[in-house]
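Lettered A, B, C and D in written order, each chain numbered from 1.
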C-alpha cells in the first residue's frame, strides 16, 4: 500500500488542472435538458476532444490518452473541482464506447467512435420499456430481419431514454428472435434517431424539463451493419454496458466530494440557524465521512482493477451507497435552507439557495435508475452473500 | 374521556371528501398551474356554498360557530386533494386572529370582515415573520401582517407584492412590501404577541392536518400503482420490499393522527398544553409526509420522477410543509423546553390534564 | 371528543393509587426468571387478587371489577407509575382468561379461572415449535385421542414458552387430526405441567436467566376435559388469544411512558456529557413524543372499542411502534451512559446505570416475539392497505 | 498510488484466520467464561509461536518490526473470532507506546519489556482515562497508566484491582487503585500527551478493525442460519425482508473497510491526518457493528435472544466497542473540528495528501 501519487500522476493532475482552468466556461452552461443547453454542452464536448480530455481512458489512437483508472480518478477530481459542465455524451463515451471497442467490428469502430468522441454524435440509451424497467429481460420491442437481409424492421417502444430529446443516435436491445423468451433472442442495435418511423416524445421530469423521452418505432428500417456483437447475443453485450454503468465510470467520487464540500460551506454560512436543529451538524460530518469513504473505496477498486483484478459486487454496493448519500446530503441542505428550501433560484427571496433544489430533485432519481436500490439489495444478498433465491 | 369524533363530524368529513374528490382532481389542479393567479373563484364559491368558509366564523357574524376540532378533519381532506385554495389558512389562522382581537378597531374589523369571509365574498390572509413569505397574498382582500410585536391590517392598495416561485406550482408565495403606520396598526405589545402566537399554532396545526391527508393520498396512489405495475411476472406490490416501503408509512401515519387531533382539541379548549401539543402534531405529521414522499417515489420507480405522474402534486407540497409554520428545530425546541423543565409533569397518567 | 376524565374515572384512579401506595413492595422484587423471584411474584398476584386489582377487566363475580378499557388504562398508568412488579401470570389473566370466558365450558370456568386469578396456577404458553415460529400453522405436536376416549396422548415439542420453567399449567395448540394440514385439525388444549412424560428444559436468555423453556411431551396423558373449544377448532380459539396478545392488554402505554420519563431524567442528570452528541437530545424529545403518541392512539382505540367498535389493524401497527420505540429509547440510554453502558449494575464503577442494560437486552426481543415486525409489516401491507399477496 | 495490500500481507492474514478459526471456537470461548481469569495461557503461547505478539516489536528487540498497517488485517481476524486475549491491545497500543517513549528510563523499559512481549513471556496493558476501566489488567505484567498528563508504569505489586462485570462475558474490565509517584513516572507533559494521544488513536484503530471482523462474522452466522431455518415452507433467507436486513449490513461494511485501512496507513506513516482518519474509521466500523448486531439478531428470531446461540459472543462485543476508546461524540467532534476549520482543505482531489 502506498497512498502517494507518483510523479507522473502529479504531473498529469497539474496538466489537467491547467487546461481546465484555461478552458472551463466562466459561468455554468444552461441545463442540457434545454435545446440551447444541449447545443452548448455539445460544443463543450468538442472542446474537450480538441484538448484530448474528452475520453482520456480511450487509446491514444482514438483521441484518448490511454489513461488508467487512477488517472481517470485524478482527472475527475480536477474536472469537478473546476466546476466543469456535466457530460452530455456520457452514454456514448463511458458506456457505448468501451462496449464497442470490445464487441464492435473494425468498420464500426471507424465509423462511430470518432463522431462520439468529437461530440458530433450524441448517444442515448434505448433500454427500458413500459413493462421492462427493473426486469430488463421482459423486453418486447422487435427487430426483424427484412427478407433481403439488409435491414432490421424495428417496432415497439422504449422509454426513460435520458437526453434522447436532442440526441442523434440511440443504442439498445431489441428482440430479433420473435419466439424467444427472456434473456435469449435479444440483439444490441444502434439506431440513428432521424430514421423514418421514429417518434421521440419528451417526458418532462419533476423539474418540468424534458430530461428523458419515449422513443416509438414504427416499421423503422435499420441497416444490418448497426448490429453490435452477434445476433441473439444482446444480453451479454448489454450486461457489459450495465456493468460499466453501475460501476465506476459514471459515479465519480469527485461529484459527491464536491457536494459534501458545498454542504460544509452552506452549513458554515448558516451555522447559527442550522445548529438550532442538532441533527444538522451530525449530518454534515457524516456527509464528509461518507464522501471520503466512497472515494477511498473507489480508489481501492481502481487499484485492484489496474493490477488485473475483476469488478465484483462493488457495482451493487456502490450504487446504494452513492445514491443514498446524495439524497441524504441534499436533504440536509434543504434543512439548512429552511423556509427558502422550496424556492426556485430566481425567486426574489431565494438568496443563497444556489442549485440545491435542483440537486434535491435529481437526487430523488438516484435510488431508482440503473436498477432500483431494492434490486441492488437483492443482488448483494444473493450474489455477494449467497442467500437463497 | 372520549377520544372519538362525533357521528356528525365524521359524516360532514365524508361529504366534504366526496365533494373535493369530485371537484379537485389532479387535472383541475394542473389547469390552475397554467393560469396567472393559480386560484379559481369558482372553486372558492363552491367551498363557500358548502359552508366551509363559514365554519369557524361565529354565528353572530353569520358563521357556523365551529372550532378548530370541528375543522381539523376538513383540513385533513384538503390535504388529501392538495386543495389549491387558502381555505385552511383562512379558517384556522385568519378567522381566529380576527375573532380574538380586542381594542379600539376590533369590533369594526370583525363586523366588516367576518360576515364577508363567511359568505365567501372576502379573503383574509395572515403574514407572520416565521414564514418569510405570505401564501396567497395576491388574492387577499385584507392582509394581516406581523411587524415585530405588532399586527397591521392592509388592504390591497397598501401593499405591493413580488411573486416567489416554489417547487410546488400550487403554492403561491409572495414577499410583501408595505409601510407600518398608526393607521394600519390593529394590535400591539402583549395583545399582538398573543395573536401572533395563536396564529402560529393554528397555522402549524393546519399544515399538520393537511400533511396527514397528503401522506394518505401518496400511499393510496402508490398502492394502486404497485398493484397494477408488473415486473418479473407479478405486480411489484407483491414484493416484500415494496410492501414494507408502504407499511412504514402506514404505521407511522397512524401514530401521527392522534397527536394532531389532540392538538386541535387543546387549541379549541384553550388548554395550556396546546403549544407543545401543536409542535408534537406538526413534527409527527410532517415527518410522515417526508417518509411518504420518499417511499412512494421509490415505489413509483422512474414514473415517480416525471412531471406527468400526479404524485408530484402531493410530494412537493409535503416537502414544503416540512419547513412552513416553524422549522423542525423550532418545534423540537418547544417540546424540549417543556419536557426538560423542572416543572414538567410527565410519565404515565399525565397525558390528559 | 372530550379529553377529560369523568368524576367516576378520577375516583377510580384515586382508589387505585391509594391501594398501590399502601401495597406495592418498597423495593423491587427479584426477577421472576429466578425461582425465588417467581415465588415472590406469585405472592404479589395473590395480594393483587385480595385487593381485587388482579384482573380488573374480569366480571365482579370472578373477582374482577368489570372495568372497561378506559379504567384499565387508568389502572395501568397508576400501576406503572407506582413501580409495581411485572405480572408473572399475564399469560393467564390477559390471554387465556378472556379466551376461556369466550370458549370455555361452565365447568372449565369454575375449575380454572379462580386458580388463575389468585396466582395459585401460573400459566405459560405452549405455541411455538422448533419449526413453527412465525409460521404457526406448521405445528406438528400431536394430541391423539386414546382408545377409551378419556385422554389425549400428547407427543412433540414446544419452545419459547415464556416463564415455563416454574409455571403450573401450559396452554397451546396441538394437532388432533394426524392427517390434517396447516390451520386445520388443530385443537387448543390445557396441560398441567406435572404430568408424567413432560420435560421442561430451561432456555437461558441473553442475560443468562431461564426466561423461557422448551417443553417435551412423551406420551403424556392429558384428560379430555382439558380441551378448550371444539376439537379441530384450535386455530380460531388461538387467533382470539393472539389478537389479545398483539392488541392492547399486554403493551400498556404506561410502561413506555415511564421509560420515556426515566430517559428524560437520565438525560437531565448527564446533560453536559450527553449533549456532546447532538443526536441525544433529539432522541430524548422523540422518545417523549412517541410514548405520548402511543398513549393517545391507545386511548382512541379504547374509546372506539368501548363504544362498540372492533379492533382492526391496530394490533400490527402498535406492535411495530412500541417495539421499535422501546429499542430506540434504550439505545439512547446506552449512548448517554457511554463507557458505563456495558456494565452490570453490581459492577463497582457502574454508578447510575440502574437497570438500563437489562431493559436494553429485553428490548431486543420486542421486534421478534408475538410475530416478528417483518410479519407485522406484511400484515399492514396486505390487510390494511390491500396490497397483493 | 496503490491502495491494496501486498500478497504477503494477504497470505499472512489468511494463515492467521485459519489458525484462529480452528483454535478459537465458540466452544472454547464459552469454556473460558467459566474460568476465573477468563484468559488462556496456552492460547497466548500459541499466538506468540505464530509470531503475533512479536509483530509490532522492532527487530532490535527481537520482534518482526512491522507496523500498524501490517497488523490491521490481523486485528480484523481477531474480531472475526472475538479473540478472548489482549493481542490487539498489546500490539497496537502497548508496544507502540513503549517504542515511542523517550527520556531517562525509556531505554531500560524497552530493553526489559519489548523482548519479553515479543517472545510472549510478558503482557503489558495501557490504561487511559478515556476508557474509565482497564481491560485485562489482571493478567498484565506491567500496567502503563495515564494520570492526567503523565504516564506511569506499574508492576502488579503496585496496584490492586476490582473486577467490573460487562454484558460481554469475554471482556475483563478492572478499576485500578494505585498511587502515582516519582518512582512510577515514565513520561510527563507534552511527551506524555503525545504518547497518550497516540495510544488513544491506536486503541480506536484496533476496535475499529475488530469491529469489521465482528460484523462480518455476524453476517456470516445469520446468512447460514437463515439458509437453514424454514418458515412458510422455505428458508427464511429467501424472504426479501431478511435479504435486505443482511444487504444493509454488507454494503455499509464495504464502506467501513477502506477508512480503517487508510487510518492504519496514515498512523503507520505518521501523517498529520491520522487522528481524523482514525475517528472516521472508528465511527464507520462501530456503526456497522451496531447495525450488524441489530439486523442479525432480528434475522435469528427468538434464537438470537438465547444464551445458547453464539451470536451473543459477537453482538455483545460489538455493543461494547461502540463506547470504547472514545464515544461517538468524541470522534464526531474531532472530525467536525477539522472539517469546519477555516484551514481545512476538503473536496475532490484532497483525500490523499
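Everything below uses one rule, namely that a residue touches a chain if its C-beta (ideal position, glycine included) is under 8 Å from a C-beta of that chain, and two chains touch if they have at least 3 such contacts.
Because the structure is a prediction, the values reported are computed rather than measured.
Greatest centre-to-centre distance from chain C is found for A, with centres as Cα means. Pairs A-D and B-D differ in how many C-beta pairs touch across them, and the larger number is found at A-D.
Put simply, the C-alpha centre of chain B and that of chain D have 53 angstrom between them.
With centres defined as mean CA coordinates, chain C is found 40 Å away from chain B.
Residue positions of chain D touching 2 or more other chains: 239-242, 244, 332. Chain A has residues 277, 281-282, 374, 377 in contact with two or more other chains. Those residues of chain B lying in contact with chain D across their complex are 239-241, 244. Residues 1-6, 69, 219, 223, 226-227, 234-235, 237-238, 240, 242-244, 246-248, 250-252, 254-259, 261-262, 265-266, 269, 280, 283-284, 332, 335-336, 339-340, 346-352 of chain D are the ones that touch chain A when the two sit in their complex. Partner chain A is touched in their complex by these residues of chain C: 277-279, 281-282. Residues of chain B touching chain A in their complex: 130-133, 162-168, 171, 173, 175, 230-233, 236, 239, 241-242, 294, 297-298, 301-302, 304-308, 312, 316, 319-320, 322-324, 327-330, 332-333. Residues 1-6, 9, 13, 70, 74, 76-78, 80-81, 253-255, 257-258, 260-261, 264, 267-268, 281-282, 284-285, 288-290, 292-297, 299-300, 302-304, 307, 314, 316-317, 320-321, 374, 376-378, 380-382, 384-389 of chain C touch chain B in their complex.
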